[in-house]
Amino acid sequence: MLTISGLGKHFGGLAVLEDVSFEVPAGGIFGLIGPNGAGKTTVFNLVTGLLKPTTGTVSFEGRSLAGLQPHQITRLGIARTFQNIRIFKEMTLLQNVMVGLHGALGYGPLALLLNQGSFRRAEAEARERALELLSWVKLQDRASMLADNLSYGDQRKLEFARALATGPRLLLLDEPVAGMNPAEKDALMEEIRNIAGRGFGVFLIEHDMRFVMGLCERIAVLNFGRVIAEGSPEEVRNDPGVIEAYLGREDGGAP
Amino acid sequence: MFTQQLLNALTLGSVYALFALGFTLVFGVLAVINLSHGAVFMVGSYAALTLVTRLHLPLGIALPAAMALSGCLGMAIDVLILKPLRARNAPHLIPMIATIGVAIMLSSAAQGIFGAEILRFPEGTIPAGEFTLGEVHVRALELSIVGISFGLMAVLFLAIRRTQLGRALRAIAESPRSASLLGINVEGLFHATSFVAAALGGVAGVLIGLNFNAITPLMGQPILHKGIAVIILGGMGDIRGALLAGLFLGFAEVMSKAYLSSQMGDAVAFGLLFLILLVRPSGLFGRVLERKA
Amino acid sequence: MEWLANFWATYSTLVYSVGVFALMALSIWLTLACGLLSLANAAFMCIGAYVSALLSLHAGWPFGATLAAAGAAPALVALVIGMPTLRLSGVYLAMATLAFGEVVRIVVLNLEVTGGPEGLNGIPQSTTGWHILAILAVVVYGLLRLQRSRVGRAFEAIREDEVAASLMGINVARHKLFAFVLGAVIAGLAGGLNAHYTFFISPREYGFENAVDILTMVVLGGIGGLAGPMLGAAIITLLPELLRSLHEFRGIVNGLILVLVVLFLPKGIWDPRRLRALFGLGPGRDPGC
């Protein structure tokens, strides 16, 4: 579904990523793991168009993403969340999700200005859809609340719903359980399984091993900007290179 | 003729540089475009004038006193207005808008107290000596202005390059948060920076007031615009760049006034400025100070 | 009714000014609504005023056509300078638009056709209160519709977090350009209306101070809705009249208001959420969705 080949990124003289290649298959949950600073988030930034790669290409469903703006990539069907949650805090939950439906609202300027039926219908449908997405993450009761007033875990869920609103076929999650307690983590893991179960492809970054092992069907391991292993959780867990580079370290499982 | 203009350009340019230095210092350290800097400049020259006319102090005392007074004003603005905004983590444009309010207050206060008319230093205050060097006519006043400007700038450069204080300031300019983690008293240095910047602005006001011997409540406005031009040309927050760009602007202004029409010179200057912002937002000489969170 | 006639004779200009500055405040509000601090709007007003006045004076165009030109000319300029300028962020954009404003002012000051520093005299006084009211009504209606659509939500999203907005599929650059150009149209219309009731225009009316005055109106009123900027425009326009007794010191009040509002009312006077809370109406339904 998502093919990354020979991807490299240099900042100044510093190589953050070097010759990274892997394939995220359609459907299911794919994990990219690695210690802090391995370059995981940079991969997401390159895929979503926030950064331009120094070398290599990313293609989605056979189409190259080179030269596309972030909003164009989103409209092709890739959505993402951020490690440090970036919801629109001064907007309500409903508005947050409706922003995600921006591309789906096709009314023209005249319909908008004259408040025509097509405008009203489209907005009403969008609102319905937004409420439905909020109900997927069990936030529909608080739709008219300001997003800033949500707890950390709920903000994370709102960010999921907002990302799903863009109509993605692949959802990128950047350390979705960062800063959460074990109970919250389990609840969120369930949420992610549900989302994958609805047919969305999920590609997540994580350094909490327990979480990834229990969730992902395939895993790639990044260390110092290079992929050092790829395979099923079982294969990755037993890979000597991974054990040395990552699992063996004291902070291997720390959140 | 040309050499004479060169001297005029050096005089004007050194004051522009002095003014812009304070402006850019505040931007570099506090990340605030302080639009009250022009008003502080104006207050400096009124302060010197008042000390000379009312208290009959010689200029040699009135100048440093006006400098200290302007510094205190700048520090007060920081403590009373910018500090609460920092504490609230207000978006960066908000402090800029607040300083516009301060500028309006100060210039209308000056207008209310001193009137709108042009005031001049009494005769005999300004050093009157002059001599001729080849074909160039040199006034003692111009020499003192250039001397004072460059002297102060040299002190500032040395302080920033060589002292512990300067290192702390550079750390803050890089990232206030990590600076405070290093045990640097960030708030205290913000106040100190505001003091120094405003003191430099105030001195620049006295010097310009002396050079043209004309003081008005609105004299801060055109120099503020020049200051903006200088710090954009020099790269925002870049001290060396402000010095070079200040001299350059003084040169460009004097030459365009001498050889072109005075007004079109300004249009060309601001047009260039606009273009520079589009092509090279980091300025001609500098680099953008990117602040890490 | 006689007092009304007297009142109108004395204060009609003032009432017109409130309307024109309400338009100006809305034009800056529009750019601020998507996170752009543009100080170019006074210059756009200047362009609108001069273009329409010149068309009236020299080409004999009818008032309606000159007004249309007053909106169109700054829009074109905004389109051309907007594309490169809007890449700049925050302070840099403010400085670039400020420099652009200076360029416009100085050019107008030096051109022969604009009358130089003396400005233009004898512009037909075609603007009536109805014209101002009608244009204000159309602008407010248009902006209200915009605010309640996907475009309004996109503006708000861009203001809060540009990166997140772009990842919602919003074309950030195009939305910013749209806000900038539409703001220029509104400012140009305000300029055209202004030129045709004051009889006389000069470059002094469109300098940095004016850009700041208009910004003050919006900061004072608040950017949470359309009512804020208009309220701010009314207050700032009427304040000098109310403070006449303070003579030269009234500027201090202006400045003080700006500082106090920034310090203590960060969302301005007209903040729907705070007002609702103040009157015990609870959070209420949000108007934007």
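Labels A, B and C are assigned to the chains in the order they are written; within every chain, residues are numbered from 1.
Rule of thumb we're sticking to: contacts are C-beta pairs under 8 Å (C-beta built on N, C-alpha and C of every residue); 3 or more make two chains touch, one makes a residue touch a chain.
Because the structure is predicted, anything quoted here is derived from the model rather than measured.
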Chain occupying the middle, per Cα centroid
C
What is the chain whose Cα centre is as far as it gets from that of subunit C?
A
Rounded to the nearest Å, the gap separating the Cα centres of subunit B and subunit C is 31
Taking each chain's centre as the mean of its CA atoms, how far is subunit A from subunit C in angstrom?
40
Averaged over CA atoms, how far is the centre of subunit A from the centre of subunit B? Could you give it in whole Å?
48
Residues on subunit B engaged by subunit C in the complex (per definition of touch)
33, 81, 84-85, 88, 90, 92-94, 96-98, 100-109, 111-112, 115-116, 221, 225, 228-229, 232, 236, 261, 263-264, 266-267, 270-271, 273-274, 277-278, 281
Given the complex with subunit C, which residues does subunit A contribute to the contact?
48, 50, 69-71, 74-75, 79-80, 82, 86-92, 94-95, 98-103, 105, 107, 112-113, 115, 119, 123, 126-127, 144-146, 162, 165-166
Residues of subunit C touching subunit A in their complex?
142, 145-146, 149-151, 153-154, 156-157, 160-161, 163-172, 283, 285-286, 288-289
In the complex, the residues of subunit C that touch subunit B are 37, 84-85, 88, 90-92, 94-96, 98-100, 102-103, 106-107, 109-110, 208-209, 212, 215-216, 219, 247-252, 254-259, 262-263, 266
